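Pasting the structures here.
Presented sequentially are two complexes of subunit A, the first with subunit B as partner and the second with subunit C.
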Partner chain A sequence: MMSSAGFISRFAPVLTIIAIIIAVWYASAVALNAPWAQDKAKRAGVTLSFSELVSDTWAQEKPKLPAPHQVATEIYNTTVMKKITSKRSLIWHGWITLSATLLGFALGTGLGILLAVGIVHSRAMDLSVMPWVIASQTIPILAVAPMIIVVLNAVGISGLLPKAMISMYLSFFPVVVGMVKGLRSPSAMQLDQMRTWSTPKSTVFWKLRLPSAMPYLFTSLKIGMAASLVGAIVGELPTGAVAGLGARLLAGSYYGQTIQIWSALISAAILAAVLVALIGLIQRITLQRMGMLR
Partner chain B sequence: MIWIAFGIVFWAAMWWLNLRLSKAKPNKFTGFVVPTIFGVTILVLWECLVHGFEISPVLLPAPSAIATRFANSLPILWVDFVQTFVKGALSGYILGCGAAFLTAIAVDRSPFLQAGLLPIGNFVAALPIVGMAPILVMWFGFDWQSKAAVVVVMVFFPMLVNTVEGLKASDHMQRDLMKTYGAGYFQALTKLRLPAAMPFIFNGLKICSTLALIGAIVAEFFGSPIKGMGFRISTEVGRLALDMVWAEITVAAIVGSAFYGIIALIEKAVTFWHPSQRR
Partner chain C sequence: MSEATVIEAKNLSLTFQTNDGPVHALQDINLEINKGDFVSFIGPSGCGKTTFLRVMADLETPTAGEITVNGMTAREARKNRAYGYVFQAAGLYPWRTIGGNIKLPLEIMGYSKAEQDERVARVLELVELSGFDRKFPWQLSGGMQQRASIARALAFDADILLMDEPFGALDEIVRDHLNEQLLALWARTEKTIGFVTHSIPEAVYLSTKIVVMSPRPGRIADVIESTLPRERPLDIRDTPEFLEIAHRVRDGLRLGHGDDV
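== the complex of A and B ==
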């Protein structure tokens, strides 16, 4: 169990930094929104006292930078107060993004593991595929997302799958790299031991290579999950802002609804944090059961 | 039909060749030739399938069509390259990585700030930062400044986390030795801890090099002047001129690989002492 002193010493620095960030956020909201408030006051023919100015900058309808509590209210209004099936509900949009993310993540992880198994077992694949796997990531796939979406739509694939393809492309790479490293992590001594037992290749894989690759796999999965969410969000941009967190971003930027942009952004951040934390939890449980966690 | 048959035969032949080559003793030659053969095979197969199945150029243009378009529109591609990469990505990359580096050194003396910044930095590095693009475009206008700003925000935290980690990389014994030499904080920093941090710093620089290009291009989807790679991609997709889009993708891939490669080369020169650079 963690002692309370350890708890404080671990979280105090983080909380301090968060407090600083929120303070800076409020201050910049004043600085950025002040010109508009002054402008409005001038037209109304009144002069603003400092406290009036501050309260105005924190409560504008289309501020340059909304204050944290405005974003929080917007998130509360669009999640708790709206029906989930409503098109204004952030949960509905979030679910659309989440489903594409998860599908892409599953596809990417599967593809990544398959490629890694091939690369570890076949020298030809190692030599020919591995350099291209690395090169594939220098193509800014996010930039190509609009084309992929449009093309797949043209051949009749629409909805979830095109977005998931982009997520897949982004998430398979960390899995391949991590799994290749992990599957090769058993020491020469362990592999020799297996050979003295004349273990078939498949048993070596299931009993030795795969278990020792687990810690690497989970680290990769966390990166892959985060990348997958980014892919799904960007994949939603060119669909004409219909549904999803990415669509909320785009619609917000078309109509200057800054509060809406920020609330979509913060919900995406929360979603990413929850997903990564979930994988961390599975990692803890799995490694504990395998006896790899002390 | 002939196209498809040729493609399959070519693919099988090349696969067999690669198998043969990779069975041989590994040397510099096979390490270069095998992946090249693989890449060429994919291009040939692509070309054959496009002709064989008569896929409309609106869906997937053949590599030869893309190459022709690429050669014919070099001036446009150059303008876009300058706008997106040199003005947007590169300036943002330098500003962002520089700022992150300086911040890391600034918080270096305070373990309290480090303990607070690291988890938050790790968290932010996993967030969909690209989403900041519409906001920053709103703040900084349509031209390259907003793209550079997006890149700064995207590269800052990965770079910060890597540099802070790197500054911890020197071990106790080495630091104690510095102390026995009577080295001050800055001497120890420049002579021991920064060199020891270099592998981590370059790791961050490499990660950020791909992020920078992505950030600059995606930011252009939210508004840009009538040039730039992101602008060109989104408008040419609208006009269904996919060969032009693929030409831009080629530029992006070349630029991205070259950028990464240059940083990897500098890394090799700076961190020649690190085990991962040994052959």
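== the complex of A and C ==
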């Protein structure tokens, strides 16, 4: 059990930062939304006191920067207060994005591990595939995403899979890089040791290379998961804003619904944090069971 | 080659091709190691002592001459798992317990589960680590880890033990203790041991045969047959006989070094 003092010392820094962010956020909302509030007041022929100005900037319908409580209320209204099946439910949209993220992440992780195994075991693959892997990430995803969607649509694939492909495109990269490094992490001595037992290559892989790569894999998975979510959201933008957190972002920007944009943004951030934390948990449990954590 | 010869090198040479030109790591090595010998290889760094051990283990391939291990080529001997090799670092897998680490070669070689357990218990007892099989490597001191790695090399039926400066990273007191244990272990198991070191007292204390090597190119400068009895308490190191052998080793090293010193 964690003691209350331990609890405080662990979460105090995080809570402090959150408090600072919220304070800055509120102050910025006042600064950014004040011109519009003044403008309204001028047309109505009234002058605003400071407290009236502040309360107006924190309660506008289409503010330049919505205040935290406006975003929180919007998130509350579109999650708890809506049925999950409703098209206005953020949970429904979140699930659309999450499913593409998870599928893309699974595909990307699989592809990444396969490529890494190939690259580590074959010099030809090391020389031929690795440059392409790196080149693939120099292309801006915003340029590639619509093409993937359009091309796949043309061959009759639409919905979840095209978005998952974009997620995969972004998430396989950190897995390849991390796993290549991890699978190569055994020292020359450890490999010589295996040679003295005339160990088959496959056994060296399962008993030495793969366990050595585990810490690297989990670090890569965390980055890959975050990239995957970005990919899914980007993939939702060119689909004509039908569903998903990306669609909420796009629709929000069409209609100037800044509160909707921000609530979708914050939801995406929370989703990413939860997913990465989940991998962190699996990492802890796995490494603990392997005896690699003290 | 007599019946008792386990390792034999004939006109063995090994040249590494580097960007700075060829490096003659070993040149015209001729040596016979008999069954049950404890042979130390001593010399300054770059004299090829580790390279020679690695040639015996088929971790390096000689460029000229030949080497036989148990009457086979080094490669066949490796395929037959003729030797256990102990490296300078223990190299235990952090994700395996001590018992799991010792089982590793046994798993690779396909021993049955029951036999694995039986052998782990036996070799842990040999290196005085009984009861540590469920501990993880980080829970053990450096000396204990190295003993575990020796246990791992003893776990399968290899009658040759090759050790590359196994105690080089340990402090003197631990080293003395491990040297004593190693002699006891050698007496009990009757293995043939090849041992690389750069400590003169260690070489003299442990060996029945001391091979003094010199660098550039790596050659054998002297081979000294020890006149010490097989039973060796630690204080044998203060006897005149011990000091005389140590003196001869030092002379050999100085001679090999030429004007470099």
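Annotations for the structure displayed:
Note that the second predicted complex is superposed on the first by the 280 of 294 C-alpha atoms of A that agree within 3 Å, B and C clash if a C-alpha of one lies under 4 Å from a C-alpha of the other, contacts with A are read in each partner's own complex, and residues count from 1 in each chain.
We take it that a contact is a pair of C-beta atoms (placed from the backbone, for glycine too) under 8 Å apart; a residue touches a chain by one contact, two chains touch by 3 or more.
These numbers were taken from a predicted model, which means no experiment stands behind them.
More residues of subunit A lie in touch with B than with the remaining chain of the pair subunit B and subunit C. Touch criterion met: A:128 reaches subunit B, while subunit C stays clear of it.
Once the two complexes are laid over each other on the shared chain, residue contacts for A:166 go to neither subunit B nor subunit C. In the superposition on chain A, A:195 makes contact with subunit C only, not with subunit B. In the superposition on chain A, contact is made by A:291 with subunit C only, not with subunit B. Once the two complexes are laid over each other on the shared chain, residue contacts for A:211 go to subunit C alone; subunit B is not touched. When the shared chain is aligned, no partner comes close enough to touch A:183: not subunit B, not subunit C. Contacts of A:115 after superposition: neither subunit B nor subunit C is touched. Against subunit C, in their complex, subunit A makes its touches with residues 187, 189-190, 192-199, 203, 207-208, 211, 214, 290-292, 294.
Chain contact summary for the complex, subunit A toward subunit B: residues 10, 12-18, 21, 32, 64, 123-124, 126-132, 135, 137-140, 142-144, 146-147, 150-151, 154-155, 222-223, 226, 229-230, 233-234, 237-238, 245-246, 249-250, 252-253, 256, 258, 261-262, 264-265, 268-269, 272-273, 276. Taken in their complex, subunit B has these residues touching subunit A: 15, 18-19, 21-23, 26, 30-31, 34-35, 37-39, 58-60, 112-117, 119-120, 123, 126-128, 130-132, 134-135, 137-139, 210, 213-214, 217-218, 221-223, 229-230, 233-234, 237, 242, 245, 249, 252-253, 256-257, 259-260. The touching residues of subunit C, counted against subunit A in their complex, run 54, 57-59, 78-79, 81, 83-85, 87-89, 91, 93-97, 104-105, 107-109, 136, 138.
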